[in-house]
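Dumping the structure here so I can ask a few things about it.
Which chain is which? They are A, B, C, D and E, in the order written, and residues in each are numbered from 1.
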C-alpha cells in the first residue's frame, strides 16, 4: 500500500479510462473498461477490501461488461459513430469546460477531504474487509437497504425482460 | 517523496475525482449510448473507489457495504438501460442519442 | 323522549335530509321525471317543514348558541381537535330558514325550466342545500370550511351544465374566484388553531374557544385580511364582484335564485360570525375601508345596473348594490346597523329570489333576457305585472315592504357612526328606484311593439304558488319585522359589544347608542 | 271612546284595496265602484266624528287622541310603533282628504265608466287614500314616511294608469323618481332627528325642542332644510316641481284628488306639523318663504301661456302651493292650512270641471280648439266659473279669505316683508288673469271645435255634475270658516266665529304671536342677516290692502274678457310681438331639457362608462389577463423540455458542480 | 533469508510446479479422453504413435504449432489475439487456491501445499470462472463470422446461466464449512469424518451437471458442436491459437475436478481406513472425476439448446435454492448433529428420486405410441 504501486496502478486506470472515452470502437472501449475495473479491483485489495475486490471482478467485469458485450455483439452497431470530429463544436466545448471545472473543484476539495481522512490509514482489525465482517455489517446495520437493493434488482430484471422481449405479434 | 511512503487519503480523492470527471466528460462527448453507459459505470466505479478508500481511512465497514449496494444499483441500471437501447434499436434501427428526442415537450 | 331527542338533533336532521333525498333521487330511473320532481319537492318541503319549528322553539333573548350538538369527529395530536359541533343563534337561524325556504321554492320554480338531465339536476340542488345549511350551522372552523367548499361543487355543475351559452366560462370563473379566496381563509384557520395550541396547549377549531384569541396586532390584521378576502369575494364586494353577473346570466333560473338568495349571504354571514368576533381590533381598523367599499358597491352596482341591456345582469348588479348596504351595516358596528344588514340579507333573499324567478318565467316563454325584446307585457300578463311591481317596490325599499326595514336600520346605524356614510348610502335608494323603474317601464309598460309578446300567457297556478310565498314574505317582513328583530337582537348585540369593548377608539356614538339601548329595553 | 276607532280611518280604504285588488275583476263594475266609494265614505264619517269630538273638548283639555296599533321596528334604542294620532291639524287634513276623496271617487265611477281596468283604478285610488290617511294620522315621522312613500307609489301607479301610452309611463316614472329625490332629503332629515333627539315620535321631539327653544338652532336649521327638501319633492316646489305638469297624463279625477287636493298638500301639512321645529330655525323659514314666493310667481307666469286645460290648472296648483309655503315661511302656518283647505275645494272643482269638459268633447284637451261650451255644458260652465272666481280671490268666495289672509300675513306675519307682499299681489293678479283666460277660451267666444264633434258634445252624466255642484257649494262657503278679524269686527260678528279655524288649530300649530317671540329669540343668536323681528304694521292697513287686491283681480278678469271674448285675436298678436318671451314661457323655461342635460344624460353616460370601462375593461380585463399570463408562462417553459438528451446531461453535471461547490464551502 | 523473502520464493516455486504439472497433464488428458471414449464405443482409439498411442497428442501438438496461422480478413485484430489468452489464463489462475496436501516443513519452515491460501478462495474461483466467458465471447465476435458470433453468444449465455447453480452448490458447502477458504472445507471433512459428498449429495449432483455445462463439454457442447455450428466460436482459429483453446478447455477440466475433490471428496485425505499418502490420493480422486466426465461425454446425447437453458434455469436453480435453504435450516438449528442428519436426508431423497425416475421411465415406454400398422394397399 505504498506510493509506487498506487501511482503505477492509477496511471493504468486513468489511461484505460481515457482510452474508453476516446475509443472509436465500442468493443475495445468495453475491454478498456474491463481493464480499468481490474485496476480498481486491485486498488480495493490495496485498501484491504478483498471481498469487495472479488465481487467487483465477478459483478462488474464478469456480469455487467458481458452484458455490454452481448448488446454490442447482438446489435452489431459497429462503427456508426465517427470519432470525436463530427460532434457539434458546442457540445465538446461545454463538456470541456465542465470537465475542467470539475477537476478544479476536486483539486480544491482533495486537501480539504484529506483533513477528514487523515494522512495515516486508521488502525483496522486484521480481517477488515473480509466476507465475515462485510456480511455482519451488511445484515446487521443495513438489512433494510439490502432488501431494497433486492427489490431494485427484481424490478430491473422484470423491466429488462419486458422491454427487450420481442413482441411476438 | 519516498516511494514507499503511505498513500495519503487526498490522493485517493484525487484519483477517484479524475476517474469521475473522465467518465462525466466522456458521457457528454460521446453520442453512442452504450459508450455513455460505460462512462456512467466508470463514474459509479470512481464513487466506489472513494467509498472504499474512506472506509479504509476511517476504519468503518459501512463504506464497503455501500459499495455493495452501488453495485446492485449499477447492475440494475445497466440491465434496464441496455434493454431500452435494444428496444430503441429494434424500432428506429439507430441508437444515436441526438435522434432520440421524441420525448421533447 | 322522541320529541326531545328530535329537538336536540333537529339541525343535523335538517342538514342531511336533503342529502338523503339526493341519494333517493339518484335511485329513480332517469325517465321518470315527474317522480323525480315530486320527490325533490317533497324532500325540500319536508326540510322546510322541519326547519319552521326552529323559528318557534328558538328562545328569543339569549345571545348564545341553541340546538347545539357537539360530537368529536377527528382527533389530532391525541386531542379531539375537530368536532362535529353545530348550533344556531339569532344570526344563523334566519339564514337556515331562508335556505330551506328558497331551495323549496327554487326546486318548485325549476319544474318547467329544466328539460334535460332532471335527475342529476335535482340531486345536485339537494346536495347544494345540504352544503349551504352546513355552512350556516357549523360551529367548528374545519366543519365550516368543509361545507364551504362542498357547497361550491354542486353550484359549479348547476351553472356549468344547465347554464346559458357562456356557462363554462362563468362556472369556472365562479369556482376559481371563490376557491382562491377561501384558500387564504384555510391558511388563516390553521394559523389560528396553531396559535391557540401554542398558547394553551389545547388544539381546537371550535369557534367558541377561538373567540378572544390573543394575537399580535400584525398577525390579527393579516388573518383578518385573509378571512375578509374570502368573504368579500363571496358577498361580492366592489372589486371582486365581476363573477356575479356572469354566474347569474349563465345560471339556470333556480340556480341564480339560490346563488343570489343564499350563497351571497354566506359572505356577510361570514363577516358577522367569523371576521368581526375573531379580530375586533383589526375590524375596527379596517372598518373605514370596508365601509368605503360597501358604499362604492352600492353606488357602483346601482349605476352599472342602470345601463344593463340584460335583465338578469341588471338584477345581478342590483344584488351587488343591496349587499353593499348589508356590508355597510355590518362595519358601522352599531346594533341597528348589524340588525339592518341581517334584515337586508333576508329581504334581499326574498326580493331578488322573486325577481330571478320572474325573469326566469318570461325567459321560459320568450327565451330572451334582453329588455328591448319586451314591452307592454303588463297588458297581456296582468298577474305577472302586479307581482313584478310589488317585488320591484320591495327591492327599492318602499316602506311596509321588506327592503325598507333593512335599508332604514342600516341608514340609522351608519348615521350614528358617521352622517356622511348614511348620506352616500341613501343615494342608493334613489339609484335603485331609477334602474328598477326604468326596467319596469321598458318591460311592462308602453305599447306592445313585438307580436310575440302579444301571445304571452299569464302565470299559471304553479308559478303563482312559487311567487306568492315570496311576496307574502316581503310583506310580512315589511309590516311586522318584530319577531325577526327580537330573535336576532341579542346575538348581534353580542357581536357588536365584542367590537366596542375591543375598540377603545370607537366613536362616542356607540356608547350613546349602547347606553340608550340599555335603558330603552 | 273615539280613541279606539282611529284605526278604522285607514282600515276602511285598506279593506277597499283588498276587496278590489284581489276580487275586483270578478265583481261587476257597479259593485267594485260602490265598494271603493263606501270605503272612503266610512273613513270620512269616522274622521268627521273625530273632528266633532275635538271641537267639543273644552279648550283646557289636550285636544289629542292616541292609538298605538302594534310595534313596528324596535332595535336597541330605536323604537317605533305603528300608532295613530288625531289632533286638530290631522283631523282637518283627514276630513279634507276623505271628504274631497269621497266626492272624487263618486265622480270617477262616472268618468272611468268604460275603462277596461275599472277595478284596478279603484284599487289604486283606495290605496292612495289609505296611504294619505296614514301620512296624516301618523304620530311619528317614520309612519308619516310610510304614508309619504305610499302616496308617491300611488301617484306613480295612477299617473301611469294608462301604461300603454309611453308618455304616461314616462310621466309616472318621472313623478316617482322626483318624489324619491325629495324623500331622500326627508329620509336624511329623519335620520338627523333620530340622531339628535333619540326618537322619531312627534311628542318626544316637539317637547324637547319646546323645552329649551333656540338651543340647537344650527342643527334644527339643517333638519328643517332637509325636511323641506322632502316637502319640495312632494309638493312640487321650485327645484322638484317638474313632475306635476307631466302628471296630467293620468286620468283627470286622479289629477284632481292627488295633484290638487291631497298629495301635493302633504308637504305643507308636514311643515305645519313641525312648525315648532321651523319656528326655532328662522333661516329655514326664510328659505321656505323665498322658495314659496318664487314658485308662486314662476308657475303663474308659465300658466299664462299654456294651451292644455289641465296643464294650466297644474301650474296654477304649483303656484297656489307656492302661496301656502310662503305663508308658512312668514310664520302664518294656520293661514297656510286654511288656504290648503279652501284650495282643495275649488282646485278639485276646477279639475273635475276640466274633466267633464274633456269627457264631454271626447278627449280633446287643447283650449284653442274649444270655445263657447257654455251652451252645451251649462252646469259644468257655471261651476267652473265659481271655481275661477274663488281662485281669483273674489269675495265672498273662499279663495278671497284664504288668499288675502296669506297676502296680509306675508306683510304682517312674524317673518313678513313687503317683498313677499308684492309677490303675493302680483301672483294673485296673474292667477286671476290666466284663470279668466282659461274660462273665457273654453266656455265663451266662438266654438273652435271641428264640425263633426259639435253634434256629439254632451253635458256630463248626473254622477259627475252633482259632485261639481257639491264642490261649488264647498268652494263658496269654505271661506266663512275663518273670517279675518278686520272684516269680523267691521261686521260685528260673534267673537267665536271670527278666525274660528285658526283658533281651532291652536294646539297643534305654533300661534303667530308665539312664533314671533320664538323667531326673535332664535334669530337673536342665528347669524341670518335678512331676518329681523317683524315690523309693527298696524291693523288698520288690512282692509284697504284687501280692497286693493280685490280690485286688481276684477280688473284682470275684465282684461281677460276683453282679450279673449270681444277681440279674440289680441292675445296672439301680443304673443307675436314678443316671440322669445312667449316661446320661453310656452316651453316652461326649458327646465325639463335643462334637467335631462345636467343630470340624466351625464348620469347615463357615466354609468355606461363605469360598466364598459371599469367593470368589463379593468376588473375583468385584469382577471383574464392573469389567465392569459399563465398561458404564456406555460408555453415559455415548454421550450426547456428540448428532448436533447445530452443537454439534460450537461445540465445535470452543472447542477452537480454547483451543489458540490455549495456544500464544500 | 527473511520470512517475507522465503514466502515469496516458496509461492513462486509452488506456482511454477503447479503450472508445469497442469501443462504436462493436458496432452495426457487428450490422449486419455480419446482412449476412454474409444474403449467405451468398443473401438481401439489412437495406438499408432508410440506405445498405446501415447505420443498421439504430441503429434497433434506439433501439427498445430507448425500449421500456418490463417487470420481471416475483417477480423478485429486486438480481440482476435486476446481471446485464446483469455480462455487459458482464468483456468490456470483458478488452480492457485486449490490445496493439494498437508502443510510440509522444508528447511525448518512449514509451507502450505497451496499456492495462495486466500480466505476467499471459493469466491476467487467463481470470479475467475465468470471471466472465462470473455474468451469465448471475444473469440466469436472478433472472427467476423456469422456462425462463430452465434456460437459465441450461445456458449457464453450457457456459461453465464450455469454459473448460478455452481454458485448455489458451492454456497451450501461453504455454509457447512463456515468459511470461504478451501483449506477450511478440507479440514471440516477431516475433522467431522464425513466427506461432504454424503451430507451435500444434492449439491454434489448439481455441481457435476453445472460444471459440465460450464466447460461446454459434450452433453452441453451445443456451441461448438461440429454438426450444428461448424466449430462454434473457434471456427476461424487455427494453428497454435486453436490449440490454446483446447488447452484452456482441459485445464479447466482439471481445475473443476480438483475443486470437486476438495469440496466433496475430502481433498487429499485417504478414504476411510486407508493410509494417508500426501498427493497421490488427491490425484487419484481428480482422475476419477475426469474419467467420469469422459464417461458422460461418451454416453449422453447432445441436448437441444433451449431445453439446456430451460433445464438450467427451471430445474437446477430452484433445486439449488431449496437445497441451500434446507442446509441453512439444518445448520442453524442442529449445528452439532448437522452431518448425520443431512446425510440421512440427502441419501433418502436421492433414493426416492432415483426410484421415481425409474418407474416414470418404464411407464413412459409402455405408453409410448405404437406406430399404427400400415393399412394394406387398396381395400
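Points worth noting:
Keep this in mind: a contact is a pair of C-beta atoms (placed from the backbone, for glycine too) under 8 Å apart; a residue touches a chain by one contact, two chains touch by 3 or more.
Predicted model, so just to flag it, every value in this text is computed and none were measured.
Fewest steps needed to get from subunit C to subunit D, stepping only to touching chains, is 1.
The chain with its CA mean position farthest from that of subunit B is D.
Chain centres were defined as the mean of their Cα atoms; on that basis the chain farthest from subunit E turns out to be D. Closest chain to the protein centre (all Cα atoms averaged), using per-chain Cα means: C. Of the two chain pairs examined here, B-D and A-E, it is A-E that is joined by more C-beta pairs in contact. One simple way to say how far apart two chains are is to compare their mean CA positions; for subunit A and subunit D this gives 104 Å.
If you average the Cα atoms of subunit A and of subunit C, the two centres end up 70 Å apart.
Centroid to centroid, with C-alpha atoms defining each point, subunit D and subunit E lie 127 Å apart.
Centre-to-centre separation between subunit C and subunit E, using Cα means, comes to 91 Å.
Listed for subunit D are residues 646, 650, 653, each touching two or more other chains. Counting partner chains per residue, subunit B has residues 24, 28, 31 touching two or more of them.
Each of residues 51, 55, 63, 70, 72, 74, 91, 94-95, 98, 102, 109 in subunit A touches at least two other chains.
An unclassified topology is adopted by the chain contact network, corresponding to no line, ring, star or complete arrangement. Chain pairs that touch one another, listed by label: A-B, A-D, A-E, B-D, C-D. Here subunit B touches subunit A in the complex through residues 1-15, 17-26, 28-32, 34-35, 37-39, 41-42, 45, 48-49, 52-59, 61-62, 64-65, 67-69, 71-80, 82-87, 89-90, 94-96, going by the rule given at the top. Contact residues on subunit B toward subunit D in their complex (touch as defined above): 24, 27-28, 31, 97-98, 100-105. Listing the residues of subunit C that touch subunit D in their complex gives 173, 239, 241-242, 245, 300, 303-304, 306-308, 334-336, 339-340, 376, 378-379, 389, 393, 398-400, 404-405, 408-409, 411-412, 415-416, 419, 422-423, 426-427, 429-430, 433-434, 437-438, 440-441, 444-447, 479-482, 485-486, 489, 493, 509, 513-514, 516-517, 520-521. Put simply, subunit D touches subunit C in their complex at residues 70-79, 142, 145-146, 149-150, 153, 156-157, 160, 163-166, 168-170, 172-173, 176-177, 180-181, 183-184, 187-188, 191-192, 194-195, 198, 603-604, 606-608, 610-611, 614-615, 619-620, 623. Of all the residues in subunit D, the ones that touch subunit A in their complex are 646, 650, 653-654, 657, 660-661, 664.
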